[in-house]
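Next up: some structures, all given as structure tokens.
Each of the next two complexes has chain A plus one more chain, namely chain B in the first and chain C in the second.
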Partner chain A sequence: MKNDAGAVPGSVFVVTKEDLGEWVGRLQADADVIAPHLTPWGDEEFRTVSDPGAILWDFVNPLDPPKRFFLPQTEPLARITRDRDGFRVEEVHDERPRVFLNLRSCDLKGLLYLRKMHATDLPDETFLRRFDSFTLVSLACSKPCPLGFCVCCDAGPFLREGFDLQLTDLGSTVLAECGSAKGRGLLEAGDGLFRPATPADVERRQELETLALRSFGEETCHFGSAMRRISTRRVDGSLWTAMAPWCLECGGCNLACPTCYCFSVKDLPSAAWEDQPETADDASSACWTRCRIWDSCQYSAFTMEASGHNPRDAKEERMKRRFFHKVSAQYYQKDGLLGCVGCGRCVQVCLGTTDMPAVVEAVRKGKWEGGRP
Partner chain B sequence: MSALLVPRVARILDRRDETHDTMTFGLRFREDGEHRAFTFRPGQFLELSVFGVGEAPFCLASSPTRPERIEVTVRRCGQVTDALHTLGPGDEVGLRGPCGNGFDVESVAGKDLLFVAGGIGLPPLRGLIWNVLDRREEFGRVTILYGSRTPSDLVYKEELRAWGDAEGVELRTTVDRGEPGWEGNVGMVPVLFDQVELRPGSTTAFVCGPPIMIKFVVQDLLMRGFGEDRVMSTLERMMQCGVGKCNHCCVGHRYLCRDGPVFSYAQIKEMWE
Partner chain C sequence: MVLQSGGEAKDPLAEESVLSTCPYCACGCGLYLRFGSSRLVGVFPSRSHPLSQGRLCARGWGAHEADLWGSRLFRPRVQDSSGPRPASWSEALGRAAQELRALLDAGKRVGVLVSGGCTNEEAYLGARLAREVLRTGNVDACLGPEYGAILRGLSDAGASADLLESLNWIEGSDRIFLLEGDLAVTHPEVALSVLRGVRRGASLVTLGLARTRMSQVAGTHILLDPGCPRFLYPGPLETHLDTHPPPGRIAVVLSPWTPDTEALSASVCAMAEYIGRIGRALGTAVRFLPLPIRANTRGAYEMGAAPGHLPGPRPLEDQAARDRLRSVWGADPAREAGTDAREMLRTVEGLVVVRDGCSAIPSTAMWDASISPTLKSLVVLDAFRSPASDAATVALPIGGLSETDGTFTSGLGRVQRIRAANAPPNESRQGWEVLSGLMGLLGSQGRYSSAAEVFSEIQGVIPAYGVVTSEALDEGWGETVRTALGGGNGRAPEGSGASPEPHRPGPPPAVAAEDGRAGKGDGEAFGTHWLVLDGAFEWSEDAMVQASPTLRRDGMARRKLHPRGFVVMNPSDGSALGVREGWVLRLRSRGGEALVPVSLSPRAGEGFLLIPPGFRQLLSDVLGASAMERVEVERA
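For the complex of A and B:
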């Protein structure tokens, strides 16, 4: 790419696959690069990579979604120490520059959902400072993944916006669509490796998107009528009662969901942390780390009050809650986004088969047929 | 902008026993500037941390008209409250807030006010009552009805006397079960409705207490002609963040901690999921 060619948002470039390693190497000079790689035991996983050659460019989306890099399962919010003058509370922020490579479209959409939830109304600075230290590069999906239904959620297989850079695998080359100034920065780091895309490159990308869209089969999820029913109290209580015994209350759907972010706040002894704060004047002084910790609306203790009263003690009430939050028009109007990006992880993780497509179908048809075979 | 979930340090000024398991704590932010910058409405709440133990929401029991100290009244019923009850003057805690919407005091200026509280439900109304009494000429008649399980469960006993003696304030108390020496009313709070002159047309009612008490009181008030938008109450759920993020206290698409905890009965009626 020539700098004067001007990689403005909306502009499109191409890099050969041979040059990808060189490009990633240059990105690593200024930032951690997080990308999918294959673990020694054969699972796809997102992690900080040192060897650009280990990055996967053709992969099934990892079961563990990328949200833990933006919203860690246990996230330090503040260090609490005590000295002669009393308690000291210091905010903790993580703003290391990071590039997240090869996010699938659904996951990128999930991250945008998370950002919106933490930015609207009262902005959560801890989250936003960490999130905004990332540059997000998505890799468009040229074929549907086995369990995905992003096409029903406006979350793929290709994205129109929201990415800093969107890549498309064209075979021997990779096409890069610039979506922001941050994305332009990544292209500039690849100076000499990228060339402006030709009309033929762009046409090929469009073909791939059309092909991908046509390849979705029956495994889709019809939110429209489910949303109408859930939002207007037209789901009979007996339906939730019928589905509830199938849910094992493991919380796996919440943990694997790219858009779930319910949390609790706890003080953990700082000794439990590897990076001991250096601020404590006295090694024996009390020291805790206030942490945000993932929680699950499917656990009965989630709504348990100190008095012992629990408004959602019944499992069906908790299931109903989960799907109201994800699929109701009330939330859709409030948030402007559906709470599901169609990644299919809940389908993969739920042993009880009360996953998003199954429950949406049950709500739509008004009857539960016992999940998938 | 400071981090949303990070508290500031405050000191306990003093503490006072209310009942065998309930105490009122006087608090002040350690940094004077932080204390002066702290403004709130009655009915809002604080997230109070006992460092190393945890954080929990407590209603502001003091009045904005008396800003020199912040007061919370706390019943011992869990980890944070157990730990808080072991602390005393000079000890430090963390505070975040104010959180929630609070009562709209200005909208009831010139109106008659009816306060109906049950048990530990009086603290959220106490801030509002002092706010009203400190600006007495701006409001109409004030009626306070307060019930608890037993005479020893009544909180703010000294203040109840002061309110009863105040000009233009009618105060009635009742207990579910009497004790030796108790010569007052016995029965649930609604028994007091027939002892006072209720003027549904000109009165806004503020109801706070255990859910079952709120239910009966609100039904009674509606039957007596109070409009659904003139019966105000506070709702409770398990709260964690207090700032509308963590999803613990949601009812439908509303956060009780952010859209509430104060709602009119007309609003409560529309809440479902």
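For the complex of A and C:
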């Protein structure tokens, strides 16, 4: 591809699969590249890659969502130092340039949701500065994943916007749609490897999208109906009570959700891990790292107030709250996005039977039958 | 501080993942430990694990927290007259060996206490230390006696051969009997199988002292009756089976509902005996799942960390087992049947404790209350500070479970790897390494250069573990061993057995006077309510949970809200007494009396007061050392 060949948002190019490794190698010169790969034990996982040849191009979406690269499970926010002059606080910001390659459409939508949440009201500088240092490359899904229902959430299988670059596997070649100036930068790094797409390439991409959409069948979530019932208070309280025992409060639905961002804050004494005191609570510690750590609104103590009052002490209240946040029209109107991207991770990780499709179905039908078989 | 390209050589988000096993309950779920910049930063579940398949409970999702946030031991310490002071490894190990040797030479009682949080390698070396080096049968694992009691109950009922080896069997059962403390909390992955079974159409019968989450989805909930010698007879179970003869196959899940091992054993025996007999009469396949509490309670038991048997587990008099041990150890294992963990704490003068922090017995309050006043030498190997390590004459720092190599044996018998994601921090070492060093100083020939070498020796002395290949451990999810009750599952093919015919249960087995529960019957003459511990074990008391900021909140909040503790009473009992939530009750037993606030909840059955185990010390005047007691109750 020549730089003047029109790599502007909306333009479409093609690269052969043989050239992908070289392209990724060029990207690594300027940025860390994060992509799916297989662990030695056979699980898919996103990680910073050193070998472009290890990147997965045909894969089941990793169970661990990409949000941990934007909201790490244990995330340093600030370093706090105490000395003779008192306390000093130094914010920690991470602006390393990174390319996230082969994000599935649902996950990219989830990241956009997270960005919107962290940019709204009181902007979260830590999150935003890290997020904005990323270039996001999605890989469209030409066949639905086993548990996904992105088609119900406007989050896939193909995207129309939001990506810096959207890739589609055409067989021997990969089609790249440029979505932003950042995406253009990636295409420019592939100078000589990419060529403008032909009408046949574009037509094939459209065929794949149509086929993918048809492949979802009946296994979908039908959010609209559930949203109407939840938003108009037509869900009887007894339904949440009936469902509550079937949730074992693992919090997995939150922690594996690409759009959930509940957190707690805790100070980690740095000296506790150095050659100093033997206790993390030692008062003589002179340096701490303030960390944001993942949390779950399904844990009973999450909403515990200092007074001891817990507004959501009962399990059914916590479940109700979660699904109101995810599925209600009120939040949809406020956020402009649905709080679920249909990735299906909650179905896989749920330790009970109260995953999103199961609860949405119960809300629609007005009765709980123990979840989906 | 801004991290930019070139600002740091390595991307702080460039984390590594290491496959391991959840260190909490006996389900044995698979997870990845994630570490970056030499620290543990998170976990995520493994989708390929054959049992958990991508699921973790809240503890599993927080499995990285204890090692990261906990109050750690970093260097050896010895106790001097002026208090504890840091010491070198050679000094600390030498001091530990010297103290134990002096006690042995003086003919004093010594013992070894491991835990269900130890790896198989640590538990095995603990057992070898006791039976080979210290020449004693005083070796046990915290929370091991409860598992032993369930196995004993099954054995007494003649049901030892009908063990369940797959949770799929529960999910496909037509009737599920669940004896529980609170399965959804103690063993969530098993609870899911029960839920799936119910969703499939199975009929669930729960038996316990509390109205739990599982009992809410059960068709029938049977309240155990401490007033009955065997807790079930004559009781509603018989009535239930008479009126609802079970079709198809039956799964019986047995989890510890009380720390009273006699009660546990008696109830398991009664249940297994009765259901087994009906199963035989109907030609129905019945399978039992005995659940240990901690991640490696079963493994510790099988490694010989129990006072009444050798590694295997084999009886003390099993000559073949003794011969195997003698050939490997170079010494005959001690023949004596020692005392269990509770008794050991009260009677020994020298004690080696491995990962005491994971135990229920020497928990903060119990340690002070139950420890032997004559204890001269206390050697503690642990990753965390604890009341025991603070009191130790020698404290030896070992890696946490994310810094330890070894194996666990799950409740279903799967032997699988735990892997060190990091080296043990600072001066701490791996547990097997420290035990090996201590044994060497005490004259043992045992020398090991890796956990794998210890495991190899285990395979030599426990033939059932020979099926576990290094490939299965390193590249897969291990293998399932069949050992718990002495080898083999010996089950008959499904559908075999007596021809199906309408069943007529025989009379309940006669209650033997020697079953030891007569005292409870006598107790009924006193008081209006049963005061009982709500379960055998409480995770909020676990040291690893207490070290985890997310996991410990429930327990901390409860202690903050209820500094005087509380008991749970059924609302109808509350109405009858005229008390409301938070009001204070006066409880009076034969042992003493106490004032305690009440919490009204249907979790407690009528006539019962439930005490969270974490608050038992606050009611020790009333409860004593018992797990259940008759009390008189009145408004204070």
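Assume the second predicted complex is superposed on the first by the 358 of 373 C-alpha atoms of A that agree within 3 Å, B and C clash if a C-alpha of one lies under 4 Å from a C-alpha of the other, contacts with A are read in each partner's own complex, and residues count from 1 in each chain.
The definition used in the following text is that contacts are C-beta pairs under 8 Å (C-beta built on N, C-alpha and C of every residue); 3 or more make two chains touch, one makes a residue touch a chain.
Predicted model only: the values in this text are computed from it and were never measured.
Placing chain B and chain C on a common chain A by superposition gives a fit, with no clash between them.
In the superposition on chain A, A:E45 makes contact with chain C only, while chain B stays out of contact range. Looking at the shared chain after the overlay, A:K266 reaches both chain B and chain C.
The superposed model places chain B and chain C at 80 degrees from each other around the C-alpha centre of chain A, with the value given to the nearest 10. Of the two partner chains placed by the overlay, chain B and chain C both lie in contact with A:M304. Within the superposed three-chain model, A:P199 lies out of touch with both chain B and chain C [touch as defined at top]. Within the superposed three-chain model, A:E91 lies in touch with chain B and with chain C [touch as defined at top].
Once the two complexes are overlaid on the shared chain, A:G10 sits clear of chain B and of chain C alike.
After overlaying the two complexes on the shared chain, residue contacts for A:R290 are found with chain B alone; chain C is out of touch.
Contacts of A:G171 after superposition on the shared chain: neither chain B nor chain C is touched.
If you count the residues of chain A touched by chain B and by chain C, you find the higher number for C. Between chain B and chain C, the shortest distance over C-alpha atoms in the superposed arrangement works out to 8 Å. Put simply, chain A uses residues 91, 93, 264, 266, 295, 302, 304 to touch chain B in one complex and chain C in the other. On chain A, the positions that touch chain B within their shared complex are 77-78, 80, 82, 86-89, 91, 93, 117-118, 121-126, 233, 261-267, 269, 286, 288, 290, 292, 295, 297, 302-307, 309, 311, 320-321, 324-325, 328, 330-331, 334.
Within the complex, the chain B residues that touch chain A are 1-9, 30, 49, 51-56, 77-78, 81, 92, 94, 211, 236-238, 240-241, 243-248, 250, 252-253, 258, 272-273.
Every residue of chain C that touches chain A in the complex is listed here, in rising order: 1-5, 7-8, 11-15, 17, 19, 32, 34, 39, 41-48, 53-58, 60-61, 64-65, 68-75, 184, 188-189, 191-192, 195-196, 198-200, 213-214, 216-217, 385, 425-426, 475-476, 549-550, 553-554, 556-557, 560-561.
The residues of chain A lying in touch with chain C in their complex are 30-32, 34, 39-45, 47-48, 63-64, 68-69, 72-74, 79, 90-98, 245-246, 248-252, 255-256, 264, 266, 268, 272-273, 275, 278-281, 293-296, 299-302, 304, 308, 348-353, 369-371, 373.
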